[in-house]
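What follows are several structures.
Next come two complexes built around chain A: one with chain B, the other with chain C.
Now for the complex of A and B:
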């Protein structure tokens, strides 16, 4: 477990900022306890400082996970956000999209969100913006990237994709072998 | 018509206020449930009498739940009703359970705080009347209240009356045990509380023996008819050679053992085996007879002229062949119980335990989760009074392990018995907790929920592969205070110590979960038990050493296994108590369960082992389980040290005196030693080269 280098931090924060924007500061300066990011075997973990200090006593080959895993770095250095970060993203998300009950299952199977499944969407969502996908009961289901701005979605026909799928909670079942 | 008969409830309890609205009739409930809701809603909102009044309503409504799942209207009304009470949580941006509410939930049943509960919410009250539904009968509810006392208290009588009415349709058991023959109020099928009713008391002994005899006579008649038919088919089978003997009625016993039941001798058994094994019906018959004879040995067995041990041996062999166990395991499990209960245990292992889920209180409330699942078409009910996060699933249109609620981490599929060690351990917020064998993570996530994501939990599992599912579950349920590591549990105080609580759910033989994994029946041998027991003893010592004993209030260790054998449970606990004087057993805090054995087949354990708890599939309708809670404290040295110094010289003197006394006891006999002493003297002088004096006394040769 080691802290992130400058470049790694930049990659992680830019990815996160795509979804939560300025609220990123809340991830670092928390009122209750300072949290930090640590890297273990190419995976980035978000963990409270006290837990991190206790976790140091676990040797590197034996440490599997600490706190919450946000994502991992690929071999070429790109950072990919995993579904396990959903909790924190959902808490601070700026742009949200709610999908209708009939659209839940297709999204959970890994498909993109179609216009026909759209329930609600925050007002001023720009194009290619990271959004968090909720069900109508306000249960976070995953996150994605918008294909068009909010104003443009009205012009689309029902079978058009409005949100590109990035991650969904169905991956806990579909990808359970590769998730960790 | 038949269904109405079966569903008939006893008269409702009298209402406290005469002014309250009349209980909606059964007819009304069947037709317009929504209206019935509205009707009862109004008066119930008046005052707290809602709780008392709602019980009879719930009793009637409880059974409607299976029909309810199709009724969207009814459920929509329910949803409305529940939303009304929701304290400002509905539809907000966070939409998650407020952390503070967990404190509320931690005390007792949660639903008593809402007065004026209407309609179907009551089914989520911890309400016993609701489980009278015959549809639910095969998947057993846990009613654990009266398992504690073996004397039947008054309260359950009304339910018993209701149950008696429903016994008609029950299929007869394969191996009727002594309990079956008794009055209909007890049966091992009926796992609620009735195991305790099997006790023979002076009052019902006569009735029971008469019933037994009547049954024996009936059975005998049936058997004879069977035999005659079998004979006609072709009696080349060795088995029936023995049976012919039976027909002759050699050993007539007075009190009605099935006419001339004779225990097959060793030769007959060998012949049986040679003929390719006995047939199932004969084995059943024999088992039944052996159980009867052993159950009333003085009355029945003495006359047969065979030793009790032979009956036992035959019964164990039959159990092994009938249920499919290897001989070693059949004997081992048989020795844990009295005869009739042993049969119940083996029977219970053939039937799966109910599916249960645990609400993740970090994300949702049990009530909301239940509502959401009901909307998807799942029939469920709270498990019982002892837990406020458990739900039992009866049937489901959707795969319960793949609903969006499951994926969102609102619940975890977990056996009811796995709740117990965490309830016993009771981790508090801001503590440091270790879970030594935590995969796949049900108990770890439960602890994180109880600690409200504060403090830190070290979740360890020796197998790296299994840590994957552990980590996935930890993340799915939103536990943020968990460190997952993969060490052999025995390394633990070395890696890190000073924990406030440790949970050790030790790897075990799995004899308590045979209903889940039948391969345990055949692949466990003596060597397996020896190895496992050794490993468990090492692990428990490491667990006891990993705590911070100097902590204010002491540190706690909970040891649990999913096994029922003594050498993995009480023996390990006793070993730990002997090896770690700073540890002692304390109350587990579980309201039900049988006490652990303090003596077993010649082995005696510490008296405090009584504080451990055992759970059985046939008695509690959960997997076989064992829970022991240790408290580790530094031994108080204050008083003894002051006296130690004063005592020391006194002690030393006492020791010296003792030594002398012992010397005197042994003593030396001067006379007998003289010749030897003289001899030695002469040798010494000779060695010097001088001439020794003449011998005076001849040393004995």
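Now for the complex of A and C:
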């Protein structure tokens, strides 16, 4: 377990900023308790200071997980967000999209969000913007990237993809062994 | 007169020219060497060493001379000379065995492919001349086309097509190619371009040095596309148990650098708790020239000085 280097922090923050924008400050500068990012193996964990200090005494091979896993670094140094970060993303999400009940299951099986399933969307969402996907009763289901800006979606046909799938809560079952 | 008695007495005085040993002596006349393989008789050895050595040596020399006189002789001005046979003893080689020649590129290839090399005869049969001629060299078979007095010309040939020159050029090119390949084989045999490798290493070392020789020790330099990571540089990480406060500040600084506009609430921008942001006010009042220019303007001659400057 170690703090992130500057390059790693940059990779993590730019990924997170894609979803929560300036709200990223609230993750770093928390009023309740100091939190920090820690790297263990190739995973990035978001840990409160107290648990981090407890975790220091655990040897690296024995430390399976600590705090919330936000994602992992690929071998080529890219950062990939995991669904486990959804709680924090959903809390501060800048752009949101709500999908109809008939679109929930397809999304939870890892498919992209189609226009037909689109319930609501934040106004003036730009193209290729990270968005958090909610069900109609405001339960966060996952996140993805918009394929079109909000204004452009009006012209699309119902089968067109609106949000490219990136992670969904179905992964808690599908990728149980590699997720945390 | 019977002299046999005298001879017998004389012969008893002289030792026999026949040497009798338990194990016969090993004589190599070619090297003029005798080897006595018999074990040493301990008693006589300890009794009188000199006498023992002398008798052993005498026996050996006697045996050698006996065999020398049995050899065929050749007369010479200095008297008859014995003709030594070639030596039979195998002497060990003084120098180490020569190293096998490093295989050429073709030899390597042929070995990998299992190609058996057949010996090419140097002579070839010439049907016209009805004799064996050299394959190459003086009046060689390979110069046949150049030398013949009439040559078939292909239909699409140029006007200035010279078949003899064409053939000669092709032959010279083959020779040049072979020479080039020979040199390449030689260079390869000398072992992997040691000089070039050294130069490459040298350049890499220089490059690595120059990369960390800027004011920021290479930290803020522009990274070129495909630039490799410096080797031998140890990664250094912050300690895990560092104060989280420091880490937070570093992260906030990084964030403000990331986003074009500053994300961070401005606390230390001057002005403090006052309603007026002093820095901003100064900037506004001085039209962006700073507080020093404002102080100058306060003086009466501030403007004139400036004018003078403009005139000049």
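The definition used in the following text is that the second predicted complex is superposed on the first by the 179 of 180 C-alpha atoms of A that agree within 3 Å, B and C clash if a C-alpha of one lies under 4 Å from a C-alpha of the other, contacts with A are read in each partner's own complex, and residues count from 1 in each chain.
In this text, a residue touches a chain if its C-beta (ideal position, glycine included) is under 8 Å from a C-beta of that chain, and two chains touch if they have at least 3 such contacts.
On a predicted model such as this, the values are computed, not experimentally measured, just so you know.
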Combined model on chain A where chain B meets chain C, clash or fit: fit
A:141 touches, of chain B and chain C: first, second, both or neither? first
Partner chain(s) touched by A:116 [first = chain B, second = chain C, both, neither]: neither
Which superposed partner A:160 touches (first chain B, second chain C, both, neither): neither
Touching partner for A:28 - first (chain B), second (chain C), both, neither: second
First (chain B), second (chain C), both or neither touched by A:69: first
Angle at the Cα centre of chain A, taken between the Cα centres of chain B and chain C once the superposition is applied, in steps of 10 degrees: 110
Chain B versus chain C, judged by how many residues of chain A each one touches: B
Superposition-derived minimum Cα distance between chain C and chain B (Å): 16
On chain A, positions contacted by chain B and by chain C: none
Of all residues in chain A, those that touch chain C in their complex: 1-3, 5-6, 9-10, 13-14, 17, 22, 24-25, 28-29, 34-38, 49, 52-53, 56
Contact footprint of chain A on chain C as seen in their complex: 235, 237-242, 244-245, 247-248, 251-252, 254-255, 258-259, 263-264
Chain B-touching residues of chain A, taken from the complex the two chains share: 48, 50-51, 54-55, 57-59, 62-69, 84, 87, 91, 104-105, 108, 135, 137-141, 169-170, 172-173, 176-177, 179-180
In the complex, chain B residues that touch chain A: 91-95, 372, 402, 404-405, 407-410, 432, 456, 458, 464, 467-472, 474-476, 478, 480-487, 495-496
